């Protein structure tokens, strides 16, 4: 069962830039994370963009939608910033593609001690392979439907929002 | 949806003992791994045993089966050594409990750089929540039915064995 | 030979705050780093302040100087931000205390993959035990006298400045 | 001040072999550790051998001595297994070369969580640059003369042995 993993940036992929002391983007960590997972059947990796999800505009979301549309793989994981993950999920959800699309991300960057990134990637990869057609968010060890989820910023986690 | 995670030992949980220079068991890493995953609804953790799966005997497998039988949670992840994971899966598979049981483990210990353990745990936790009743092995980014899987030791990965 | 390690903050000690997405200070990592070093004779640890060295004012530097003056240990390591490490070293250097004072820090936070922090701490602890009275900066695998060093920000390292 | 780092194997450099489940040697981690330290003046790295120090014979120690003799650098760090570090230090100590030779190693492999390896490397690199001619062991945040040190195996640390 073939799987596509699309990187869009977000906390998952941030690295510490020692010149500026800021968290920025450089090459995605996903190729390393995918190698580490030791897939029997390696997924296709597509580095689509590398931005903070707070900077994501409508045209970015259209780009993500188009990447899902043209994906030869029916099962898709999108690595995305958490702050507007729900907004992107809505755009994808309304499109109602005949594909299993799972958005995930991380509360702590992959490269930082004690990060949730690798767990979330594993969780999302299983959800994308086992779930039915539709769009879900995989965060905090749980699958949320795209239309009933919100990020609780003060608690630092996602929750149902029915 | 409640989830139980049962530790039985295996490579996932090995640590480096500096007195002996050997890889041994001590306290399980799973409470730390579970905390790191930042579950919205934390799973129940049951440290059942801590042994190398090459040392696992029939009575150990019966203990694991009994733990699954008495589990109040319908969704169960078992962290297990890879060498005889298939044998334990068979015992559980033949019992045909009305529960979703997913076995996972790691090729590299959780505490070692570049370990697949956290990815596998995430993958298994999603599979246990989304799968139907039955017993599967979640390794190498794939779900294998208990009766059609083997560990390819020279390649260091699991594969279908139909 | 007794040693005192004084924390003042800086990149070494920054952690990723998941509510704000910023790098902030919380409890110092130094107790963990010191435990990890497995000292035969554990140093005294003094968490003096926790600030970015760009925010360090004269009165902070006076506090650091006073901490050195009152230190019962003759050998002192100060963990400090890199941006104004030289300025603090100058204040301490002019005071000419009869003590061996070594400032160190990190280009990447201790908690981030591939950080230089633990190497620098080891380097500084040896330098503080072996060096003579005076003030030096231990960074980039080298010891620099306080009056002849600068941070080359674009290169991201310290260099002689005679 | 130029520095040579010689790898001989030992716990510092062990990696987990997933085929056998054993700790073995492969490529040394030292090039990665040296890069991470961000040296202003990078040391010369010499991978001389890769063995467990319990397997070290007289002829291995002669090889190490010869490597020190022919070193163009006066300051030398030798990364060595802890179990017979003292024996090698004695061979080097009796040779009384006009060089500063510091042996170090690790109680936990570099690639394992919470390893002391990087701290020890930093400590040894400073000791090799600052110390006088002679042979010392740098472990547990302390410098021990070659003729007055032993490994306390049950405690898992080095101590004076006068």
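Letters A, B, C and D mark the chains in the order given here, with residues in each chain numbered from 1 onward.
One rule holds for everything that comes next: a contact is a pair of C-beta atoms (placed from the backbone, for glycine too) under 8 Å apart; a residue touches a chain by one contact, two chains touch by 3 or more.
Bear in mind the structure is a predicted one, so any value in this text is a computation, not a measurement.
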Proportion of interface numbers common to subunit B and subunit D (over half same, under half different): same
Approximate Å spacing (C-alpha centroids) for the pair subunit A, subunit D: 43
Whole-Å gap separating subunit B and subunit D, where each centre is the average of the chain's CA atoms: 38
Where subunit A and subunit B are represented by their mean Cα positions, the distance between them in whole Å: 25
Touching two or more other chains - residues of subunit D: 107, 114, 156
Full enumeration of touching chain pairs: A-B, A-C, B-D, C-D
Interface residues, subunit B side, partner subunit A - complex: 1, 3, 33, 36-41, 43, 107, 114-116, 118-127, 129-131, 138-143, 156-159
Complex contact set, residues of subunit D against subunit B: 11, 16, 18-19, 21, 23, 107-109, 111-114, 153-154, 156
